[in-house]
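So that we are looking at the same thing, I have put the structure below in structure tokens.
Lettered A, B, C and D in written order, each chain numbered from 1.
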Amino acid sequence: MAGFDKVVSSYEEAMAGLEDNMTVIAGGFGLCGIPEGLIAQIKKMGVSGLTVVSNNCGVDGFGLGILLEDRQIRKMIASYVGENALFEKQLLNGELEVELTPQGTLAEKMRAGGAGIPAFYTATGYGTPVGEGKEVREFNGRPYILEPSITGDFAIVKAWKADRYGNCVYRHTAQNFNPMAATAGKITVVEVEEIVEPGEIPPSQIHTPGIYVNRVIKGNFEKRIERKVTRSA
Amino acid sequence: MALSREQIAMRVAQEFKDGSYINLGIGIPTLAANYVPQGITVMLQSENGLLGMGPYPTEEQVDADMINAGKETVTASTGASIFSSAESFAMIRGGHVDITVLGAFEVDQNGNIASWMIPGKLVKGMGGAMDLVAGAKNIIVTMTHADKHGNSKLLEQCTLPLTGVNCINRIITDLAMLEIRDNTFHLLERAPGVSVEEIKQKTAGKLVVEGDIPEMQF
Amino acid sequence: MAGFDKVVSSYEEAMAGLEDNMTVIAGGFGLCGIPEGLIAQIKKMGVSGLTVVSNNCGVDGFGLGILLEDRQIRKMIASYVGENALFEKQLLNGELEVELTPQGTLAEKMRAGGAGIPAFYTATGYGTPVGEGKEVREFNGRPYILEPSITGDFAIVKAWKADRYGNCVYRHTAQNFNPMAATAGKITVVEVEEIVEPGEIPPSQIHTPGIYVNRVIKGNFEKRIERKVTRSA
Amino acid sequence: MALSREQIAMRVAQEFKDGSYINLGIGIPTLAANYVPQGITVMLQSENGLLGMGPYPTEEQVDADMINAGKETVTASTGASIFSSAESFAMIRGGHVDITVLGAFEVDQNGNIASWMIPGKLVKGMGGAMDLVAGAKNIIVTMTHADKHGNSKLLEQCTLPLTGVNCINRIITDLAMLEIRDNTFHLLERAPGVSVEEIKQKTAGKLVVEGDIPEMQF
């Protein structure tokens, strides 16, 4: 099935077509489940003016944080950006714009974007700064706000395994935003720990069907841990 | 005497019912997991996509792919499920989580809560807090009754930007447990040794005190 | 974990609380993946005036079709009801009301209902009889209609396996509407082929987390096939 | 001569590109799966939750839990995925399916389609057809050019209740292949031995015939 083999062998191929001022949707929660190599490739390409949609913006020197170093990000749509001194600095300088979005609304905006739903109503954020300027409507006596969906020119996703057709599975809580991001990119690129043959992942256990995926690349991951907390054995 | 952080967490845990699904915020709420009453089992939901959060891992169990919403390494308990962020917030937004416990800067007598933004200070984001307060069936707020300067955090009307409106029904502070109904704080219990007078004095919003107010039991 | 053990041992317990005029959301596609024993129990209970939300209404004498025999269904919300002579008769008699809903809209209405989203916009049905009387709004120059979500008093679901905590997996295309139905019931009852112990289903392979499930019962299934088509080996 | 059902299906299959995800409706569209050109591979989506539909099962492979959207027993091809109806229609509604092929009662020059309801006849439902026509990137309609009485099914304006508006771009009938653009039918190919005159005569909507119209090649 040549037409369905989505494996590419270089990061250049993986991110080919990414240009200045595009919107990139990224999977990951903190540093967990992030497409490390695809982010590094974006840094290497030097594209700028990006709008990045991701729950967080990495930390100084790792994850999406490295795209701040050369001011590649113009606007960040995220739910929490508190782990990053450079981010703060650029925000206060006015070099960076941020659109804070409730975490569940952000996840649903990506899902809706991928699912052809242009907008949905949610109670989240009603009566708060998030709801300002948004349409309010009552359903069953309760007020909700209208939230538009999000799509991106690119989606960058980290999966555990993918087969050559792009069928993906995620490992543990490294799943997080990745499945929704995968559906919401015009071009969706998945960086994986292991590429397997079609049929190796049982059909009902596939988290992201290959129809959403354009390119698959095998990466090497540092998997940095943000807050290691342990108990004694 | 005012309760310690641990004592607030202990009192919170007394509210847990057997078979409850619970989301605990960062800080004092997380401590409540250590004080679940005997004979009661609860399942902890972590909004990054884990239902059935277990204890912190041993050094050998540490796994970068296994974290909680506070980005700390964790484990999964037996019978846990793991899913996407969209599914996680479908649970939360859809009212399937029984109890949410979270901290706050201010709560007012209308059940409004402010917990994420102090104007003039750098805004780091609301994370999942707005979704949690909009979706949970029962929300318990934990905080100190007054700030460092003695100013009440239980107000007639919140002064800070809100996290959610008309959503809080229970507050457990270092001085008291209160319920909000009919746009009024109702005093239910007081911390051992704390007088009703002190609570009255430190509650800026409308406070109703009906009958004898029992001390918390630990 | 006594508080989380959702297994019940009788169909009476499984459907306890179901009353006349309630709304029941049912999983299944045609006769595939339907909660056969729970449907039989509804028939046995004799409740009437039900609103049933399901992609189809079974066939004469099997699946939801058996609830037509004693006129237990007042209203059917479905995408396709063409397999059932009794259904046609009651519809033409005016004994039965039907709200035809596009299949994807129906699935999304259930999902939205379970996810706390009271309404969403979709292009499906715009300009057709389905869109009549519904709000129309343009997003990016394209017209969409507003569709409200659906929730039910009961959801009846068929899973392959569930553990005692209600964590479910579905088998093959018997998944269909079941996961959404499971989220949208005030009381969700799952009938399964096999009950397993918590921990037996890997956490990331669970299709329906137990938080959505109130009761689990082990059933015996006929699994009637609607259209058996084969090829020579 | 007018094409047979099989020939219509063959012509449809020539439109398939290597690596396409395709949803085939019941009837002639389903037949197209048998005529996928050599060297081309496609994946079939069945809207009940299967991507990568394989052939019908052998007697031994029959499984009640494995059906297609027509409720027929099927198999899954290697590399298939199986998912919920919500996920299936997220794919469809979100424009991830490359080609949808479906039948119709009528199509008009504005790209409207009527395929599910004939007033006065019992209405059985639209199934997934409305979602498919609203979501697919490319829609191919297969039908006979005219009905049994010789009345055109390619109209200026549909007379039956619609399945979708302004969504059809290609039609393959027993007489011709046409494209809809600028609110006009454009004749692209004619069935072998069928004259442009006959097609003109049987097309009630506005028809543009530019230059020589080639015969279909099989």
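Everything below uses one rule, namely that a residue touches a chain if its C-beta (ideal position, glycine included) is under 8 Å from a C-beta of that chain, and two chains touch if they have at least 3 such contacts.
All values reported here derive from a predicted model rather than from experimental measurement.
Chains touching both chain A and chain D: C.
The greater number of contacting C-beta pairs, out of the two interfaces C-D and B-C, is seen for C-D. Once the centre of each chain is set as its mean CA position, chain C and chain D turn out to be 29 Å apart.
Centre-to-centre, using mean CA coordinates, chain B is 35 Å away from chain C.
Chain B and chain D have centres, each the mean of its CA atoms, that are 55 Å apart.
If each chain is reduced to the centroid of its CA atoms, chain A and chain C end up 32 Å from each other.
Looking at chain A, one finds that residues 108, 111, 115-117, 122-123, 171-172, 175, 203-204, 207 touch two or more other chains.
The multi-chain contact residues of chain D, meaning those touching 2 or more other chains, are 50, 76, 82-83, 89, 92-93, 134-135. Judged by the touch criterion defined above, the protein chains form a pattern that is neither an open path, a ring nor a star, and not fully connected either. Applying the touch criterion to all chain pairs gives A-B, A-C, A-D, B-C, C-D.
Here chain A touches chain B in the complex through residues 29-33, 55, 78-82, 88, 91-92, 100, 102-108, 110-111, 122-130, 160, 171-180, 207, 223-233, going by the rule given at the top.
Listing the residues of chain C that touch chain B in their complex gives 1-4, 111, 113-117, 163-165, 167, 183, 198-199, 203-204, 206, 209-212.
Considering their complex, residues 46-50, 55-68, 70-74, 76, 82-86, 88-90, 92-93, 112, 117, 122-131, 134-135, 161-166 of chain B touch chain A.
Contact residues of chain D toward chain A in the complex are 17-21, 40-43, 45, 50-52, 76, 78-83, 87, 89-97, 134-135.
Here chain A touches chain C in the complex through residues 108, 112, 115-123, 137, 139-140, 142, 144, 148, 169-172, 175, 203-205, 207, going by the rule given at the top.
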